[in-house]
Amino acid sequence: MSVMTMVKAINNALDIKLNEDKSIVIYGEDVGVEGGVFRVTEGLQQKYGVDRVFDSPLAESGIVGTALGMAVSGLRPVVELQFEGFTFPAFNQILSNVSRMQNRSRGKYAVPLVIRFPYGGGVNALEHHSDSPEALFAHIPGLKVVIPSTPHDAKGLMISAIESNDPVIFMEPKRVYRAIKQEVSEEKFVLPLGKARVVQEGTDITVVAFGAMIRECQKAITMAREAGISVELIDLRSIYPIDRETVGNSVRKTGRMIVVAEAHESFSVGSELIAIANEEAFLYLEAPPRRVMGFDTIVPLAQGEKYYIISPDRIFYEIEKSVKF
Amino acid sequence: MSVMTMVKAINNALDIKLNEDKSIVIYGEDVGVEGGVFRVTEGLQQKYGVDRVFDSPLAESGIVGTALGMAVSGLRPVVELQFEGFTFPAFNQILSNVSRMQNRSRGKYAVPLVIRFPYGGGVNALEHHSDSPEALFAHIPGLKVVIPSTPHDAKGLMISAIESNDPVIFMEPKRVYRAIKQEVSEEKFVLPLGKARVVQEGTDITVVAFGAMIRECQKAITMAREAGISVELIDLRSIYPIDRETVGNSVRKTGRMIVVAEAHESFSVGSELIAIANEEAFLYLEAPPRRVMGFDTIVPLAQGEKYYIISPDRIFYEIEKSVKF
Amino acid sequence: MIQNDLPAIFRDFNPIEDKMLQVIDNEGNVVNEKLMPVLDDETVIEAYKQMLYERIADEMAVSYQRQGRMYTYTPNIGQEAIHIAAGMNIREEDWLVPAFREMGTLLAKGVTMKEMFLFYLGNEHGGSFKNVRHVLPIAISIGTQFHHATGIGYSVKYQKKDEVVYTFIGDGGTSEGDFSEGLNFAGVWQVPVVFTIQNNQYAISVPVKLQTNSINLAVKSVAFGIPGIKVDGNDFFAMYLAYKTASEYARAGKGAVLIEAFTYRRGAHTTSDDPSKYRGKDEETRWGLTDPLIRLQRYMQSKGIWNIDEEKLIEEYKSEIDAQFVEAENNKSYPWEDIFGHMYTDMPDELKRQKMEYEQFLSWKENRR
Amino acid sequence: MIQNDLPAIFRDFNPIEDKMLQVIDNEGNVVNEKLMPVLDDETVIEAYKQMLYERIADEMAVSYQRQGRMYTYTPNIGQEAIHIAAGMNIREEDWLVPAFREMGTLLAKGVTMKEMFLFYLGNEHGGSFKNVRHVLPIAISIGTQFHHATGIGYSVKYQKKDEVVYTFIGDGGTSEGDFSEGLNFAGVWQVPVVFTIQNNQYAISVPVKLQTNSINLAVKSVAFGIPGIKVDGNDFFAMYLAYKTASEYARAGKGAVLIEAFTYRRGAHTTSDDPSKYRGKDEETRWGLTDPLIRLQRYMQSKGIWNIDEEKLIEEYKSEIDAQFVEAENNKSYPWEDIFGHMYTDMPDELKRQKMEYEQFLSWKENRR
Amino acid sequence: ISESEDGAAVVGTMELAGEGSLLAASDEGSSETGRSDAGVRKVLATPVARAMAKEMGININEVPGSGPSGRVKKEDILNFKSPSAETSGRTDA
């Protein structure tokens, strides 16, 4: 075991896989000498050489499109897009080809490709550096979409993502990158894709969240406990496939649910979870499941971001409202 | 009045606006001499000249990106993207700039831009020609997303879209293009964006749909009537802003809702409408609101499409299930 | 930067000077003797036969579509020299990353007309090209294939394999960002990829001059530091030479090459297109004189190696192709489960649930009868 | 195709031959007398002052950031000659479509340091450039601005206005699809746009040679049929001449121009970047000798027109800039309603509802105290 | 405004792990822990039925459900005559 930030844990996962499988290559903007603008790939080029860990030209469509070419011809690329806001030049390659090649070729060409990038707000950034576009990827059939919330999960999920023969969108909550540390095994281990984690059991209400919002929810849960409310917290981990079983079980038990996420609330993961709660636990519902999410606005720059971002007291406010409903 | 297909009605709307406002220009792939692959812009280049109606190079990012430039400098472009599947090369321009320029410039640069394209299945097409990506656009704050279901609506909504100072994604159900005709006024008229239409009133269940699914729903409603079920049908018309008032009122009345749409069900307009039904009519719900939508699969080619596409009997099946719940 | 030891044709037909590589003229006369590729007569005859086969297959496909027996089809008429010249150079282990208008090259890789027909009859199994080695499905989203080819090129190089990647795009496709990005990556990575622009003068209805202001399309290679050459795409020998030179260059580890094949789309864009809307008959007639089959035929006749009973051959091809079409047409099996079965290598629970719910609906429907 | 009556510099400094336009050398000596733009002494001095102002403003911004008084900042150090040469050519009615590293040109258009500071203090009102005419906000999504500039160029042409559009990109940005697409549209449409590549040798940590294999960046213009020229970006006179020639060409209705300004990013990519990770001190020192301010200063000194008390000027600038910073820093007003207020020209009901619900939360929070 | 950090985040300020930001280690991954979901035993009811029961002062647990799996529907509440509800005699009805 060793104390790791999420940055370190992902770096460690990449290191383990690079070491064990020669078909893995890593590239993207500034991932080589620089080790990535967040240092997630630090030291890997030095260790594995420029053929396996390298800087690409500045073109996201190119990064993803060439990675698809590699993935159908014997390699297992893990590419970095520098920020969530710069995934969109690659959106056509992702939606039109990466997600579809397996189906289009009727299984002849699987696409073992991981597209990883930092996402989310709370770091006082410029525009395009604070967004949470998970719903856009989750709506695209053929992809898996994964979001870890802790160093441990990041490592186990990343190794699973790399070992998956299907393309995985791996979104890393940049706010968490260095904000928490955890003892993480240095050995290889995997966590299943598509399975949520019950972070904490409770009986009065289910809170579903993921990524950086898990910590905010935990703070709100402390407030709730003081108010005598027992909260069950679920960390979704996988956005697609979504773990409707775990969510359904929990809501059947508690009868209440709120979803906490940074993204714009309309047409979001929150919407999907409310649909799931209805489908799986309708007859147990004691209050309307609700979204505690970002507004349908551009995420503001630093001075305005505090209004946009979900605070623990706003989560508590919604928990209380639901329980008192 | 004159009998029009949807193609003709949109052509007529464009004609009226071109005639009345010199700042309007129309361009895209094959919209000039050819009049568009579906003939929506037929005759307009001849009438208004190559400076106002013209063929662009084959590059969707370029079409939308240049249109944004025009929109902030005095023109009101209406651009055509050839099929929904080819909107994605332009996704970055749409998400990163078109939807954001108004906010980024704090109102200095409004973006009076209409991006129109045919979408949806049921026409035995190749891949990328049968998709329904409305949820992807609707999740992007700063856009309006409009889908007509009839020639009359197409005309009125198109004129409103062009007159809107905000960017509008205008999705045209290609399956309906020539499939129905309607008496439509040749005069100018507008229909408000953001307002749904109650196509038919009913008391037992609310069916929410849009685009090509309206006709399929109407067929299912005939079946339901024979089974003694009274259905209220809502044509959403606007996906964003979504008309939660009309939906809420209806579901409060009927206690039941299904959403019928062609898109993949996960993270969809269906999910959003279920969330809205919960928020607006929770205490009136007698059965879980449900999605009758496409699977999370690639829309199959012609031979397999019949399994994917929503048929009237499948809608009826779900209506009955909900009412019997 | 491009290496100095470029093969002579890249220097002699520098696209900056807007030159075009040609070996035979419209009458089949050799106009550039020293560039004539060394091919034995059988090979030349074989090339003609393959071009003829593609032509016939195309014409039949168009007529099946007209008969309402097949969905929209994309004919190749006029571009056969390119496809067969590429096909005769591409080896089993080489990769083909097609756009959507190079049927002859697909056939050379072993794809059958039955598969092509199945695809245009709306069955994915036809378009998967599952039975041939190293062929990707056709790329409908224009331009995207350039990146795939470059990525495969990287794989090949990384794995030190002796493989070359062939990819195609249309003149219209050169406007897409991915065209430029793909060539740029290929230039930096020096991958063994032969890029072909089939400049058939139109993107649906849009002529090249509305597509770009560059003097020709081969010259775009300059922007990405790879050698480029403009070739008479209706001249089988010129195309053959270009592919031979380019693939040797690529296999020698020198990097990618861009070929502009200057040709003409003699047919409609697809069976639902009507070219008379946007181009004149005289233009079509003029280009008709450059038809690659006629030129090669004339060459063979003047060389005295034309020994083909063409009528008979055409009949043979027709019945063979028709048999394949009928087979494809009779393939009525499309199990509904198939639409769920290929989305992932292991089906996620969400899809299993959707499949199960659909099955419930199907049995409800069955019971209602 | 490009018209034949190209201004001489485009022929004499043809990027195909990898030539670079230069007027003065590192010592400030005129090396190309006949190209020396005709500028009176005051103008030259004014240019120097503006470059100095940008330099000082930059250094101060970096130090505010280091003091923890401002968020991440993107310095311009070393690239001032480009910005000020452009700034001296751009007229009030001309359009500026910036990337994110041309502060001097923004200042020339009338943007204030207070606004710049406000932006880097995390307030959108600073970045809107609302108070100046025909300036777009900075483009963070690299490459996208090329299309905006081309579209504005179309507007200008369509509306028959006498306006030129200036836009910028970095060397890294040339790899993005939108770079090529934008130039291609501009070529076909022949719009009055002056495109500048600021080739400062790096995209964050990635050197140009990993960005493209082309002999230089100006040569990319060939692919799109527009004239291109490589210019010493640290030579104010060369840049001035290039902009003057290009803008006259554009205004004459002849179309777009691509300028590669060959320069060096002397500072870090942003205040959170550490260049020592990826480049050596000696390289930095070598490029330091080409610094545009030093060169212009030497020129003025040798010409005997250097009459500036630089120390005093710097103090003046510093206190003026600091006053602007303090003003920006003291602007604490950011009403929460603002985040809803600019999304649409008329606020949709969905947003009104979200705003109202947030207000309810705020009052609950208020009441809890 | 903020602490800086050792990375090269191109923009923004990153929170750094400080006191109290050490998460407990997880042993998940090495052996998958199966979860049981016993204890879900609640009355099944549609939201409208719950709402009406509450409105009418009816303890929904006492209402026999007529729907599939004994779910309580709107009609069940309407048809339900509970002694407790009668005696409580709501005045605002």
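In order of appearance the chains are A, B, C, D and E, and numbering begins at 1 in each one.
The working rule: a contact is a pair of C-beta atoms (placed from the backbone, for glycine too) under 8 Å apart; a residue touches a chain by one contact, two chains touch by 3 or more.
Since the structure is predicted, the reported quantities are computational estimates derived from the model, not experimental observations.
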Fewest touching-chain hops separating subunit B from subunit C: 1
Where the contacts of subunit A and subunit E overlap, which chains show up? B, D
Suppose chain centres are the mean of their C-alpha atoms. Which chain sits farthest from subunit D? E
Select the chain at the greatest separation from subunit C, using centres from the mean of Cα atoms. E
Compute the distance, rounded to whole Å, between the mean C-alpha positions of subunit B and subunit E. 36
Between subunit D and subunit E, what is the separation of their C-alpha centroids in Å? 55
Averaging only over C-alpha atoms, locate the centres of subunit A and subunit B and give their separation in whole Å. 30
Where subunit A and subunit C are represented by their mean Cα positions, the distance between them in whole Å: 40
For subunit B, give me the residues that contact two or more of the other chains. 56-57, 59, 61-62, 85, 88-89, 92, 96, 103-104, 127-128, 141-142, 240, 242, 266, 282, 285, 287, 295-298
Subunit D: positions in contact with at least two other chains: 71-72, 124, 127, 140-141, 175-178, 181, 184, 188, 204, 210-212, 277, 343, 350-351
Residues of subunit E whose C-beta touches two or more other chains: 1-2, 7-13, 46-47
Touching pairs of chains in this structure are A-B, A-C, A-D, A-E, B-C, B-D, B-E, C-D, D-E
So in the complex, the part of subunit C that touches subunit A is made up of which residues? 95, 97, 124-125, 127-130, 136-137, 139-141, 144, 146-156, 158-159, 177-178, 181-182, 184-185, 188, 342-346, 348-351, 353
For the complex, give me every residue of subunit A touching subunit D. 29-30, 32-35, 37, 55-59, 61-62, 85-86, 88-89, 124-128, 265-266, 295-298, 300-305, 307-308, 313-314, 317
Considering the complex alone, what residue numbers of subunit B touch subunit A? 85, 88-89, 91-92, 95-96, 100, 103-104, 127-128, 135-136, 138-139, 141-142, 240, 242, 263-264, 266-272, 274-275, 278-279, 282, 285, 287-291, 295-298
Subunit E residues touching subunit A - in the complex, by the definition given at the top: 1-2, 5-17, 21-26, 28-30, 32, 35, 37, 39-40, 42, 44-47, 50, 71
Any idea which subunit C residues touch subunit B in the complex? 71-72, 119, 121-124, 127, 140-143, 172-173, 175-178, 203-206, 210-212, 277-278, 334, 336, 338-340, 343, 350-351, 354-355, 358, 361, 364-365
